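What follows is a short report on a single structure.
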């Protein structure tokens, strides 16, 4: 088709894809998981129905919780709407607002969202929410070095820390694929994604096992529209992280290289399919391993750190 | 001449394999014959080596390897003689089989090492000596022996792993000169001279000194040595101290020979000097603290290996000839010392210095020989070590390091103090004078003539080396020193 | 280092395989069960054989293929079988924590790996058109194997540490000394086999005399 979409339109489409596609991705992953386990499972569109239902419910606030309890869901949601502007979701070229921040900026905005949600949970005074908040903060602090080393690797490999350039570098030739630095950084990033999205072996999302919950415990006190925003936000975060992993490291193909409507539509479709593929892998891990004990999670993160450090090391002598 | 090489390499191996299966009396005889014949062949090889290197296939003997070959063969011959007296025919058959077969195979591996023509084969030979000697250290099957054997095999194997890495690096360096695929023979590498690239050779040299130095007993990687040499049966201890340390030093010498033209005498000298000085001082001061007779001798071996390293580091022909003479004299002296200590322990039933008194009264032959040997180890005339140490120190005059010569003298003096103290207390002082109440007082008399004969031979060698070494020997020593330059 | 700085496909593959060997070394440091350590060693040896095969195809050298096959036969099959039999006879399962906790030993291993990596990598040795990285990774593997031998306090872990040290040297030799005559490489392999047998005997002796596989109690010989 000869139809071209304006650059700002493509950018808006990026945000819309993530916002509207994230619940769908979650639904598909839940369905796949159920099928693998031999159940029928929920409808694929169930997350949408859940969100609509939650928006219509009343919301309660614990006594003594201040303003942050109320504004945190909005801040988090706003952050999760901002990050898709910065990272390659649909295109291989930079979009107008894309140079607002580099990959480090994107990581900062994600951390900001997590920070607000954790503070809101800490404010409530409820034991499990506080438990979740403190655990999340600790583990985020531990995954920061890993993330930084992964970002360094990206920077060293592509010569810049704009995530768009990285996708370009990886797709340029076969030799880029088998670089140990690239492979190691991808694996390290995948492990970080597992930690940040709260999947096995870090956290079990299947039940409300409060003693083992890390991230999911933070939202226990919110209700109604606030809970809807938080849930939607975490689904968007999952899709953002998957998109980051895919479009910067693992499968950067399928992105639109121009603004033609056909390629943009194809980019949206391929993104959703790729996210589902990552979800299938995560589900496979879900069903193969058991949750790690809490103190073993640091060893898990240490393994990811090791991979990231070795990725940087191998770059130093020209062989990475 | 080449036939001699082949026979030396085959005989001990055959003897070892036979000793496993034949009855024990026959095994003893075979071992004894093997030891003596290897010694005779090794000495005879000197004639051929004087003319030029003798080669056959992957075997090669030049003057340098001949020195170490003779030292090893001498210790092998005396050790098997001693073992016949040490191990009474009445003890367990399986133990005797293991001991005698092990002695032969250990001797075989140590005889092969100076004779192989190639760095990779040299590494393989030394690795074989490590594993065989580890089994021999543990042959007594006591808890302490198993502890010593395990420590030995782990530390020595780790060191040899580093040495293997060094060999690979030398190979890589050689590919610049010889192409991708070549045999890593000594003739090739020595001939390459200064054409080899500096960077890999430098790292290879450091790793080789550290790796093979683990087996030589250089501080700080010497921690296995006192334990292994103490807990092994006496003939094995003699072979370990007298010849295995020397053969490992031979490996270091080959690396010095190959790397010195590339790296320069200062660098190689400095590296060896650091190790030598530290080994000498640590060992000398440790000698003062020992309570165990064999452990004392083990530290004395470390001290002498330190002196050998220092001699190599000086790099002058006189010092190098002194080093080679020192190797020969040390082989004879340390073997003797261990045999004497073994007889003393056998008579008194203990290794503890504080409980052994009045040796001269109890052992009419061994004690005087032991006293003479200990003084020989300290560098007293007229024994061979004073000549070799003098040559080493005199050889340092040419190079820049006067203070190191002073360190050598200091170390030797401290070691002398320690050894003399022990000798006085155990041999000269009687129990009543020493004030020991419950010390064992054994019957007067020698346990076995087989155990005294090697000591006589060793002492004779020391006296000859000290008073007037035969001209042929000094010629070969200078020839070997010249090859190293 | 921009997008043009990527190494060739062969170089990248070889580097990746070497890094996998290094990761197996770290995993050995972390694992406590003796059985899993032996299995990790078998896996690591298999990866080294794969490296030999890759280089054989790159060079069209059948010698390296023979070497790869021999390594598999010896290091992936024979050595683990001997070690497992020894462990089974001794009846022990867990290795014990070693003299340091897991976190400290992992950090020390990382520092050691970095030291080995840069110390060897600085030489800038190249062969086959490969970059110096692989040799540097081999240096890192050797250093981590040393840490493994030092930190662990049981005889089986120490032996596996020594065997993996030899794996590290094999990686180095495959890269810089690939032309070494086959007979020498075979000599090294058989030497390793002899060492394994002797280690097995000594472990059995140790177990018989000390009653356990631990080396933390052998302090009788001091000074």
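Letters A, B and C mark the chains in the order given here, with residues in each chain numbered from 1 onward.
Going forward, a residue touches a chain if its C-beta (ideal position, glycine included) is under 8 Å from a C-beta of that chain, and two chains touch if they have at least 3 such contacts.
Just so you know, these numbers come straight off a predicted model, no measurement behind them.
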Arrangement of touching chains [line / ring / star / complete / other]: line
Leading chain pair when contacts are tallied as C-beta pairs: B-C
Geometric centre: closest chain by C-alpha means: C
Mean-CA-position distance for subunit C and subunit B (Å): 31
Whole-Å separation of chain centres (CA-atom averages), subunit A against subunit C: 37
Length of the line joining the C-alpha centres of subunit A and subunit B, rounded to whole Å: 66
Complex contact set, residues of subunit C against subunit B: 119-120, 123-125, 127, 142, 145-146, 149, 155, 158-159, 162, 165-166, 169, 172-173, 176-181, 184, 187-188, 191, 194-195, 198-199, 201-202, 205-206, 208-210, 215, 218, 220-221, 223
Subunit A-facing residues of subunit C, complex: 1-3, 5-9, 11-13, 15-16, 18-19, 22-23, 26, 30, 102-103, 106, 110, 113-114, 117-118, 121, 130-134, 136-137, 140
Subunit A - residues contacting subunit C, complex: 156-159, 168-169, 172-180, 183-184, 298-299, 302, 306-307, 309-310, 313-320
Sites on subunit B touched by subunit C in the complex: 118, 120-121, 124, 127-128, 131-132, 134-135, 138, 141-151, 153-154, 157-158, 161-162, 164-165, 168-169, 171-172, 175, 179-184, 199-200, 203, 226-227, 230-231, 286, 289-290, 295
